[in-house]
Amino acid sequence: MTRPSGRRPDQARDLRITRNFTCHAEGSVLIEVGNTRVLCTASVEESVPPFLRGKGQGWVTAEYGMLPRSTHTRSAREAAKGKQSGRTQEIQRLIGRSLRSVTDLAALGERQITLDCDVLQADGGTRCASITGACVALHDALTGLVKKGLLPANPLRELVAAVSVGIHEGRPVLDLDYDEDSNCDTDMNVVMTASGGLCEVQGTAEGVPFTRSELNALMDLAESGINGLIAAQRRALEL
Amino acid sequence: MTRPSGRRPDQARDLRITRNFTCHAEGSVLIEVGNTRVLCTASVEESVPPFLRGKGQGWVTAEYGMLPRSTHTRSAREAAKGKQSGRTQEIQRLIGRSLRSVTDLAALGERQITLDCDVLQADGGTRCASITGACVALHDALTGLVKKGLLPANPLRELVAAVSVGIHEGRPVLDLDYDEDSNCDTDMNVVMTASGGLCEVQGTAEGVPFTRSELNALMDLAESGINGLIAAQRRALEL
Amino acid sequence: MTRPSGRRPDQARDLRITRNFTCHAEGSVLIEVGNTRVLCTASVEESVPPFLRGKGQGWVTAEYGMLPRSTHTRSAREAAKGKQSGRTQEIQRLIGRSLRSVTDLAALGERQITLDCDVLQADGGTRCASITGACVALHDALTGLVKKGLLPANPLRELVAAVSVGIHEGRPVLDLDYDEDSNCDTDMNVVMTASGGLCEVQGTAEGVPFTRSELNALMDLAESGINGLIAAQRRALEL
Amino acid sequence: MTRPSGRRPDQARDLRITRNFTCHAEGSVLIEVGNTRVLCTASVEESVPPFLRGKGQGWVTAEYGMLPRSTHTRSAREAAKGKQSGRTQEIQRLIGRSLRSVTDLAALGERQITLDCDVLQADGGTRCASITGACVALHDALTGLVKKGLLPANPLRELVAAVSVGIHEGRPVLDLDYDEDSNCDTDMNVVMTASGGLCEVQGTAEGVPFTRSELNALMDLAESGINGLIAAQRRALEL
Amino acid sequence: MTRPSGRRPDQARDLRITRNFTCHAEGSVLIEVGNTRVLCTASVEESVPPFLRGKGQGWVTAEYGMLPRSTHTRSAREAAKGKQSGRTQEIQRLIGRSLRSVTDLAALGERQITLDCDVLQADGGTRCASITGACVALHDALTGLVKKGLLPANPLRELVAAVSVGIHEGRPVLDLDYDEDSNCDTDMNVVMTASGGLCEVQGTAEGVPFTRSELNALMDLAESGINGLIAAQRRALEL
Amino acid sequence: MTRPSGRRPDQARDLRITRNFTCHAEGSVLIEVGNTRVLCTASVEESVPPFLRGKGQGWVTAEYGMLPRSTHTRSAREAAKGKQSGRTQEIQRLIGRSLRSVTDLAALGERQITLDCDVLQADGGTRCASITGACVALHDALTGLVKKGLLPANPLRELVAAVSVGIHEGRPVLDLDYDEDSNCDTDMNVVMTASGGLCEVQGTAEGVPFTRSELNALMDLAESGINGLIAAQRRALEL
């Protein structure tokens, strides 16, 4: 019994990280996870949202979007519909929380960094790819602030990355593509730091509920997958 | 070192479930978890949303809202602002998924049940209370369809309930109230069925990331808490 | 010829006023008029809307909502539709005007009190119940400001209450319930103060227009009904 | 003590009704009441809104708007703000109800007539002028349907008109202009048919509440004012 | 081969400009171009939009709307739909640019003038009529500022007007009415100043593309048409 | 006096057209014009919008968007703001019209093709690049329909492309980049077919109005520029 892609259960998809993909943003990363491609840009703004003004700390936030034809069939453009779906909002809240969990917001000072994650081509796992790519873009933007003398040191405490795992035809597998994702019983997204700290664990039974031992097997797969992603981030950043 | 409420780490809040709280809905439950009070109504509609028409199955969905002054300070009314927040949409998607995971949608036939969960008074844990209360309202609505002869048997496969757990001042605790929730390092919502199957595990590090062993301790607490909730649902439903 | 409820033409429904129904608001009243149940909360804010800034006076305003399943069949949630209906806006403007007409806004100082009237269960007369209940919540909130030493005296000049009257099957009747309201020829809402001053008279012919003498008969009924409501407000407030 | 305009207390403003003011609509009336000018068009559509389909009756509805600079200072354009104010919705509901109360909707058949009332210049009393003018436009549109052989007889049962009355500096006065309207204690709009039937009575105390005897005096003034308006409608329509 | 209206190819429609059509605005012009009638008001506000604050210059902007029944069949009211169409926004941007191109914004000082162009009756060419009429309203508003001593001289550098031209049944024609506009191959709007400077040239092939020599023929027609419009503006303004 | 980029007045920017840039769309083209990069996808849908149903013809339409950080400083995401700007709507209407002008809609049959033009990186001329790139994507999508046997022949009558020209520091120049575009007196976009037919001519004076002879010089530049673009389209399509 093989996966639709022919991958082994613990085999992640090929990963490619291209820095400076576009020229205006302070950080700009194209991340390719198999056929999933997300453009992640980091924009620095020298002010913070109203609820933080005068508190001497910074903010990191994220926005997420899919190009209308990034998917198999065209989806309506959210700007034309006049609102972002619940799914979009849920994803951008997740990306923002994940990156804030590794950033020293006090050390950032009263500035905001916005991570825009725009999916050019979708084949499953876009939210995880967004987190992994946005972390590299954020690192670049923060390094830029250090180089300009605006910050004494990079306030990113450590790298963070994310992967999806799931139970597909009764078996735990790593890094679901669209075919697996739309057919699996349980789908879990895990966000973890370089030092192995968990930032987010979001497991959902699409059909049959899952057990504690399945949860453990999925967590094991996710940890090994994320270690691979963080190694790739380090290579891309030449750290 | 005690909890703000004086509860033991593994002690849940007092729970009260009042059925038939209002008179029009097919199911109407007031659930009180400590000072958190949520009115959960189940409304049966003899049609399904467009994407399911003609597929011979039903649908269960949920909507969530907080009365403007259910909270310590007044929040703006979402109807007046003209849109639901990302948080609201995330919660109502979670409630809907949780209840669908225990409902035999094919057995329900081409009808939709909407669970409205409206928070009258908030003191932490409103999404979990909503799931636990909505399950009872859904049971009542489905029993009503059986009594009317519209269904041969209740399509609810088993009961489902939810609880929050978290790491507060370094210690895993069960069933966070507002004081704990706004101060804890890690916050996790767990949705589990009567037979111990996991529907949702959503853990978030608000500050310091958490470890695998903390994840396990939280899962243990959550399981024991949910078993208590399901016993209370059974008593309320006289099952 | 009797009324659907069996009441006499000049007989109001049973009334119950519960103060401190929820715990966070400065005033919180559950008013039950027959089967109609409205939760009225008063929230004090230490600032005024922009058009009043620096004018040395306060403001009293109201918002109104119906829970989706407060009615016989479920209505769409206004927060989900993204806008408040014309009916909702008309009602909340009426509640606000009625309460401002008995409040000494200059004596209130530069603060705003918002009355949220949320219908938990509807059986006709929700706007009138909202006004009658909100007046008690407002009284509690203002008394609280006096107790805290923020105001020298309660700026509520007198109590105000509201009732509906109508011509049902050719006969003037007091306090319409849903069955009567959806079948009557003329429907009139009257808002009156404890001293008998009229704040609002809103009569509408749903079918056949009404005459001056019918208008007079309806006004007589309304006056006697409101006197009963104000007596009940006094008992609830122990005045 | 005179009125700002020098009019007697029971003196209405000059009235001018111009039919066929624009060329496309089935009825098009410019009504001028003193300096208030409203363009009222009636548009016939050969279908009814969804809630009436197949019920064998017609519908009459209204929309209301003010041009941004119809007022002393420019108001924001509602189309640009993206929503109609509560006041706008309240007024267009009032106009629609008033005209439906004199139309035999069954005789109209399954068609809808929309009355658009657009204020070109405002000097108080725009909602009353809208009703009075829209009645003439509706009459013209219905006559047109008779002339085309689509209806055997005009389904307008009788004419209807509206006027505002109020208590200004302690004295009941007829037909308030802007100066009086923004300064009066009580403001009342009365909608009455040619045969003296009351369709709407909407009295509001802006400051001091009003008494039953003031209500009576205002009703007397309104009746005489509306009789004058209906005579003018008859002249304009050559009835 | 004649035009539907019987006009010669180079013959414009009758033009009428009525100043002071309404009483509140600083400039108020009714422009009638054949059966097209647009009310153009100029409103002066003693502040500028945020992006210009403190820059020592003024701003001229425009808004455009069509009354729902200005057209052959009723169009939905944009305020009720909750948004302005792309066409509306395109037109109001064009009107604003055209008028700014002849106004010395620095000389205007930190104030804004808003031109509201509302179509009372439409028969083609409403955007061009709006520009031509708004220019007269703007002149009146600016003259008013000079008369009040708020400006030393009128900052309008010169008059500006607009006309549509098109290729109808193979022949270039001036000033399209609705019948021609809805049937022509190419439609071009030209905005030109009194001294012959071009502000806007917007040509669109609705069907077959057009040639350079057709472009030239259309420009010739437009120039002669605009000269006639500017002569009429001068007469209206008694310049 | 040289251009900021050092180009000659009649020198266009380097152009690169990459087909099949993403994998799901029926046509997918990345067009790079200097530093401007736009992803143009063509999506085929086997139905037409309501206004065309049953008329035996197809439709071609376009949507346009800029990624938030495609520009020098981050712009707000239109999906988050809840509406598309006037500029966005104007551009997508222009793209749609341009492509419809070269498509035989009757030959297309009852299907719709949507061109999504999303700007990844902006350096001036994004609307022109969108048209030029979308034409190639449209060609690919139509060729695909022919290959699948759904159409007997490609309904694209001829290629179409667009370029901007302008008067910069008094001199007509071809293909404005951002530096020139934000500083030029006149900006004109020209859309032309392979056979030299004009689809759109949109010239705007940003500052000083322009003359007929400048219009002619700009048209000459545009024609030569578009001929170059169409040659590049042919090479990319191997025609």
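Per-chain numbering from 1; labels A, B, C, D, E and F assigned in written order.
Keep this in mind: contacts are C-beta pairs under 8 Å (C-beta built on N, C-alpha and C of every residue); 3 or more make two chains touch, one makes a residue touch a chain.
All figures in this text were calculated on a predicted structure; none of them were measured in a lab.
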item	value
Equivalent interface to A-B, taken from D-E, A-F or C-D so that over half of the residue contact pairs match	C-D
Chain whose average C-alpha position is farthest from chain C's own	F
Centre-of-Cα separation between chain E and chain B, whole angstrom	59
Chain D and chain F, separation of their C-alpha mean positions in angstrom	51
Junction residues of chain B - those touching two or more other chains	82-83
Touch-based graph of the chains, sorted into line, ring, star, complete or other	ring
Ring topology as an ordered chain list, initiated at chain D and continued via chain E	D, E, F, A, B, C
Residue numbers on chain F that touch chain E, as the complex places them	83, 85-87, 89-90, 92-93, 97, 101, 188, 192-193, 196-205, 207-212, 215, 219
Complex contact set, residues of chain D against chain E	22-25, 28, 35, 37, 39, 41, 43, 45, 63, 65, 67-74, 77-84, 88, 114, 116, 118, 120-122
